[in-house]
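Structures are listed in the sections that come next.
Note that subunit A is present in both complexes that follow, paired respectively with subunit B and with subunit C.
Coming up: the complex of A and B.
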């Protein structure tokens, strides 16, 4: 029979090398603080690293493409052209026309979607019974693919059998000019399409923030004699600013990039009045395979998108959320 | 608090930047690379090579390709070769195939060859087929001439890079019932035969359309004509046909008949003939045609015609399959076809616009796949299968011998409602004759050049630009691209 090994114990029978609840020393904390990055950054590192790999490689390719003349056809060689693509972009009336159109499209859509989104969110917040049902109904358009939205609205606005065309015709409008074929109304129709589909996203973001506003702030305001509108103006709206900034950031980036509805309904026409910059970049890059020029215009689009995002964050959020 | 702690604003800024980069990069795609060029001679894989058991076929989602997919099981039964189809809209097909050809990946073995999107720019990446044709005694002479010149040969070579496969052609569709009832009165009022015929000129066409607008009740037909004048390739196709008929051309040295072009061609849109064509087209679309014409591409015109909204329209002939379907069309018994109007040019006659495509082999596929792909394209373009595709109302034969078969010859002379094969009821054989046909040039940048035409054309028909101004803008746009 093997000799049984004895474990050293205290008088209470607890093994002498067991952990008995003594507070850990500060070595762990010290080790964390000695790291060159914060603990939060450490946790975020894997996702940031993945994003960086997925983003920086394409960015590097884009930068390289933007200084080359690259056409996809096998008969053309790649030529280094330096800043020529950027010079061409500056002199290209098509680019500036696309930017003008984009400003109208993005600006009009953002204003409409933000106004409606906040309004609907505030109304939904006040619904006592069946809020979930109403919210589900409101967010339905968001679930539909943009291409399907384009096809659906094209059908509704068809000059021959479209329901909406029929309704506006009853008001004496657009009886001789199709809505999507008229340079004056095609852009309005596109803005309305996008507003119909994406206002629900703003509703969701704002509604989530509304739920987080403490009730006692409103009670205090009421004690001070604030009316419903003044409460909204001085309590709700300032606290909604971070949510509004996030909503604007997301929607502005999407509006710049996504062109499925434009592609399906108007193809950028009539008379180029709906050709937004995303569609222009797509055409240059993937329809005509002018990859160098497309990359240059795309990079400029990236710069504008980032600047726009920063402006939204800085001007609307201000310093909110910073721990100074 | 640690100094390294991430501030919320910085986080949003940094993730916004990262997301923006990813998003914008996504718009661009990436990569590129010069192809390997390509010789114009190649030997088919030897007898020791065994054909692959499975190949990939990519095509624009056209009626012939859809019909082909429905019967491809017969090919598999006969040869043991399985064919996997990728059918997508034109632009997606172009993106997928051009990327595959340029990268030399060889993912698609048998390929649909649109002459302007794929053939003209990428023909060096397509397998030369002369060796296969000779080795297999393929009867190339059975294909009608226009199909060979438009779909098979590129870059001034005498090498076949594709076999003629489908052949949509713009002709004139019109409502026979309208002319049966009002034709006599219209002829009397106008002083010439009102019912469309090959002798009709474009100016007569406009007069007839206007007469219908003013004299035929809306419940019979609201408008005399409709056009594919959306800012889309359709507008360019329609205008090109008019431009040729008026004696103009797109490029110096190109006559709208042979697809070959001289080196360094100059744009020709500011010639008197082209400007006249532009003025006429603007008047036709703005003042006479159905107002929705500026929102219609070829599908829109076809739907409007099938729904009885217009009495006449230049249209791709393969839409006769739609017009003959009682579930989709109200004009099954009424539809008739003729050549498109002519003139006023004296130097050439164009009364039809060719839009066919070929089917070829990816040069970068393996020997075994190329061998199997040849068997597939040979089978697909054989007279028997062309006849099968015609029966399915999917295709129109490109071979002479199919039109000589009794059932086809009979179907040609029958009205659409009674014809077994609606695709051969429009006078395509007449339209394909050299004296009537017009076709676009095989220019590597034609897609981009055509965009200039339809963008400025859209401004013209939407009264944002004068016809003269639009033609000058197209000339400038062409010069920039060329």
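Coming up: the complex of A and C.
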């Protein structure tokens, strides 16, 4: 280092005294630090540029599509229709139905997964041994492709040979109607399917928080006479709130984002009882090729999810950064 | 001293174990049943009540790799796409995450939110414009097209997760290196980066899992030559009759490597799936 410094190198005409306080050991690095943007921003720039292209361009295309009628046959053409797609959306019973099923699907899944997840996490926190084995088991469903989960549950619920159909039949239920093919039970089955796959995430999130609760808080509660349920209700539960909020918001966003499991098992049926909004937009755009209309409904959906995300980052994670 | 309502001792002692046992069974039963069914010959597959004891066969696995319609090309596609997006996302995400962690900028919060908001977009909302763009750029049915599509969700994920790992590296370590004459790049490269290598590996593995498991993007953006495993699995369901043995065996082939990965990165899984919001 010292030998190099003793030679007053000037890189491409830049005077070497431009690097006061820094010790450029070669010209490339010296140039890096003399750029008008900060070093940190320079490292972040490739990601920002990539994401800008990958998000702003599609968003612009989406906005443009939403005021167009797009035809592929007989000729490739786009006709400007103004707000027509949005007007159609408000008057479309299919959209309203899709939002209703989405609320049931998301709401039902959240309630079930949260209840079960907190219960299992609290129980797991109490046992002394076996946590490692148990968590290794319960992370498995989360790693499985939604398509495989859907196919597997379709197999388990098959009316003529499914294992779960058999078990449910033993209770005298669903002996003459298919579980996934019945408007009364299809949504429940889908909710259970998602609960099977994603309750473990809630267990792990809540467990991580439980481990962070200092023992002296429980001791203090015991001194005040709180044990068992009271202790859980007034000590544990309030401290779990941030973890529960994170779990809820992550799950609700994912339930909105993905529809592969529904797509593969019921395809939205029977009679649209499981047609959630993501699937509805998919069908409009990529099955019926109403790209313009699909874009309008999709944009509205995007606004809803980004607002949910904003709530998530602002209130739960205490903001995305540390400034201001 | 107030007398609390408490449950009888046996319940307090064995209750938790019972709950955990039931939950483990509920979790494992479908997976176990899938393994068993992938080994069943056609006759025992459709027996009702279902059978547990049968003569196992490896026929479906054999057919999958050496039969008339081998899945090997689809496996290759899945691997190519998953590795492509993981390298791209973790490469950019590591330096980007470091930049975001150390950045001193007004409005950094908004920048960080914008980055993660690109991942919150519903899949279908990303699919529609990309389909339109790909259609015009001839990117449909290419590996590159699917890699780019998967990067839309893997890059913001990688930036946020890597940022959370870099946030944990004490800045004093870098300052010490700087005093010793290291440039900012050297401080990053030689001091901080080695400390987050395990996190980087976990980020890569979770990115691979997301890509490998994706169905909707792969369904829209691929055809026969570029199809990935989940799409191939879905196509085994036909109107004329489904070879459930083959479906189950394909499912096992899809899930086995990912479940293994999940167990390997278990320590980082909660951080990963919550994008750094929860630490284990």
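What we mean here is this: the second predicted complex is superposed on the first by the 246 of 324 C-alpha atoms of A that agree within 3 Å, B and C clash if a C-alpha of one lies under 4 Å from a C-alpha of the other, contacts with A are read in each partner's own complex, and residues count from 1 in each chain.
Keep this in mind: a contact is a pair of C-beta atoms (placed from the backbone, for glycine too) under 8 Å apart; a residue touches a chain by one contact, two chains touch by 3 or more.
What you see is a predicted model, and the numbers here were worked out from it, not measured in a lab.
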Which of subunit B and subunit C A:126 touches, first, second, both or neither: second
First (subunit B), second (subunit C), both or neither touched by A:77: first
First (subunit B), second (subunit C), both or neither touched by A:97: neither
Subunit B versus subunit C as contact partner of A:257, first or second or both or neither: both
Partner chain in contact with A:291 - subunit B first, subunit C second, else both or neither: both
First, second, both or neither for A:147, with subunit B first and subunit C second: second
Which partner, subunit B or subunit C, touches more subunit A residues: C
First (subunit B), second (subunit C), both or neither touched by A:271: first
First (subunit B), second (subunit C), both or neither touched by A:230: second
Overlapping contact positions on subunit A, where the subunit C interface meets the subunit B interface: 33, 38-41, 44, 48, 51, 54-55, 58-59, 61-62, 65, 70, 160-161, 246, 253, 257, 278, 281-282, 285-286, 291, 294-295, 298-299, 301-302, 305-306, 309-310, 313, 317, 319, 321-323
Subunit C - residues contacting subunit A, complex: 1-2, 4-7, 15-17, 19-20, 23-24, 26-31, 33-34, 37, 45-50, 92-93, 95-96, 98-100, 102-113, 115-118, 120-133, 148, 151-152, 155-156, 159, 181, 183-186, 188, 209, 212-216, 220, 229-231, 233-234, 237, 244, 247-248, 251, 254-255, 258-259, 261-263, 266, 269-270, 273-274, 277-280
Subunit C partner contacts - residues on subunit A that touch it in the complex: 1, 22-25, 29, 32-33, 38-48, 50-51, 54-55, 57-59, 61-62, 65, 70, 116, 119-120, 123-124, 126-127, 130, 134-148, 151-156, 160-161, 163, 166, 196, 200-201, 204-205, 208-209, 225-230, 243, 246, 250, 253, 256-260, 263-264, 278, 281-282, 285-286, 291, 294-295, 298-299, 301-302, 305-306, 308-310, 313, 316-317, 319-324
In the complex with subunit A, residue positions of subunit B that touch it: 1-2, 4-9, 12-13, 15-38, 91, 94-95, 98-99, 101-102, 121-122, 124-125, 230-232, 291-295, 303-304, 307, 309, 444-445, 447-448, 451, 455, 458-459, 461-462, 464-465
Subunit B-touching residues of subunit A, taken from the complex the two chains share: 33, 35-41, 44, 48, 51-52, 54-56, 58-59, 61-62, 65, 70, 72-78, 158-161, 176-178, 180-183, 245-246, 249, 253, 257, 266-272, 278, 281-283, 285-291, 294-295, 298-299, 301-302, 305-306, 309-310, 313, 317, 319, 321-323
